[in-house]
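Take this structure first; my questions come after.
Chain nomenclature is as follows: A, B, C and D, assigned in order of appearance, with residue numbering initiated at 1 for each chain independently.
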């Protein structure tokens, strides 16, 4: 079972790596921001699997911290891209 | 009993990995940023949910199990919000593309 | 090769990579990034010392771990100060370059003096 | 080769590749996003080294808070990048620099390879004295008891960093608030996220601090999570950054090192040595000090991210 957990963690990391190659190259900043999202989800998944396999204690808290901070990159981007004096970005709908 | 648990974990985590794979395939194949965003946030979150589901019976305490569920819920929230924010950045061309 | 040794080797490679970025990247923000990379490489080398000091029922020596924790926090404080300096330079002068020759020319565009 | 080894090697390659991306990427923004990814991968490596306390710190500070700082800076410096008048290094200098860096990396790598399998360790000593502190987590014991003086000085460094950042303010802004004013209508999506995330994050932060006595966690990690929650609330413009001359803010900034120093001095009087804790009373003393450290860290990190004051102080 341990082997299975580790192997799945590896496969998830691999898919994340392949996704990162595609996403980090752009073309736009939006694509690049998705990289933070991709590694957030995939990284937490493989973190939990590795922890379950190796029996490291207290790893749930690390994953919890990562999950809390998963949206921070996008939030920081939106926050600094749209300064306060700019008109509120309309939805265009 | 432990065989049943193992089988459950293998099926759930295996399905989770499949969705991670599907998400990456979507990233590679979809032509524009918005549909890539769609593939990424939907498929990967389902994948993480299934991985968490598979790990649930293996956690050693109720608190640990609750934490696992909380992790998944928080990632859901973060992904949904980030997808909204990034999607909006794609739409208003001034800041992206 | 153990996973600890592997992490140590990655640490060594990161120090080299960060040092190169620090020298070769002209923009100050990129230099800050490179410096952080170098720092985390050093932390990883610390990490292998901790892992190889596993004893007394512990899986890693706590003393290097504690030093890395304080190190990460101090590295963040230093980066924040550096970023603030770069942003202030940009705000005050309309550009953020470390190239002394560039300052001889008048600025072309940018935020302008405050 | 076992599955674990394969995973370790794959992880190592991934870390190295993302690190190389942050150095060689074309745009500063792309590089900073790479750095956020790198921070998260590093947390995975720390888990593999069984240093969960460090992984927690790396996750909260290395990836999360540093990410906000760098992405914000990259977005603001975009204009500087397009109007860049730097000339890149000449080819020859580049080759020399690369050679130097390869040499440094090789020297470090050989040191790593020459380390004995069972290195020198302070682990037995820290475990031996652990019962006297009343703690169960030796890393916390090192931070707050065995090497308390170090940690106290490190808190002073944080305060000095805030003073350094604040001192970059223009004269007329001295004592004012950093960042933009509170928006009349905050960005709705971000506000939604912040309103749900902040209460949960405060809970998690306090939990991480509290379990830090016995399990992985502690004042730095808990404080950093609390700090992140204040940062997200400020980013959503639900609240604005406080004025730098606010008395409560300054008190909160120095409370950690001040209480720590006072406890150290009290140790000299009551326990016979500077930074000694009286026997049987060590754990309450440590938790008391840590609580103020959490407060100071939770206030210091957002102030460092917010930057120097940019508005005139209100009287």
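Following the convention adopted for this analysis, a contact is a pair of C-beta atoms (placed from the backbone, for glycine too) under 8 Å apart; a residue touches a chain by one contact, two chains touch by 3 or more.
Keep in mind the model is a prediction, meaning the values are calculated, not measured.
Without chain D, contact groups among the other chains are A, B | C.
By C-beta pair count, the most extensively touching chains are C-D.
Between the CA-based centres of chain A and chain B the separation comes to 10 Å, rounded to the whole angstrom. Centre-to-centre, using mean CA coordinates, chain A is 19 Å away from chain D.
Chain centres here are Cα averages; for chain B and chain C they lie 31 Å apart. Centres computed as Cα averages put chain B at a distance of 27 Å from chain D. Among the residues of chain D, those in touch with two or more other chains are 4, 48, 50, 65, 76, 190, 193, 197, 200.
Listed for chain A are residues 16, 29, 33, 36, 40, 56, 61, 64, 68, 71, 73, 75, 77-78, 81-82, each touching two or more other chains.
Shared interface positions of chain B, i.e. residues touching 2 or more other chains, are given as 70, 74, 77-78, 81, 85, 88. Pairwise chain contacts in this structure: A-B, A-D, B-D, C-D.
Residues 1, 4-5, 8, 11-12, 15-16, 18-19, 22-23, 27-31, 33-34, 36-38, 40-42, 44-45, 48-49, 52, 60-61, 63-64, 67-68, 70-71, 73-75, 77-78, 81-82, 89, 91-92 of chain A touch chain B in their complex. Of all residues in chain A, only 3, 6-7, 9-10, 13-14, 16-17, 20, 24, 26, 29, 32-33, 35-36, 39-40, 43, 46-47, 50-51, 53-54, 56-59, 61-62, 64-66, 68-69, 71-73, 75-85, 88 touch chain D in the complex they form.
The residues of chain B lying in touch with chain D in their complex are 70, 74, 77-78, 81, 84-85, 88.
Looking at the complex, you find that chain D touches chain C at residues 4-5, 8-9, 12, 15-16, 19-20, 22-23, 28, 31-32, 35, 38, 42, 45-46, 48-51, 53-54, 57-58, 61-62, 65-66, 69-70, 73-74, 76-77, 79-81, 83-89, 94, 97-98, 100-102, 104-106, 108-109, 111-113, 115-124, 126-128, 138-139, 141-143, 146-147, 150-151, 154, 157-158, 161, 164-165, 168, 170, 218, 220, 224, 297, 300-301, 304-305, 307-308. Residue ranges on chain D touching chain B, taken from their complex, read 189-190, 192-193, 196-197, 200.
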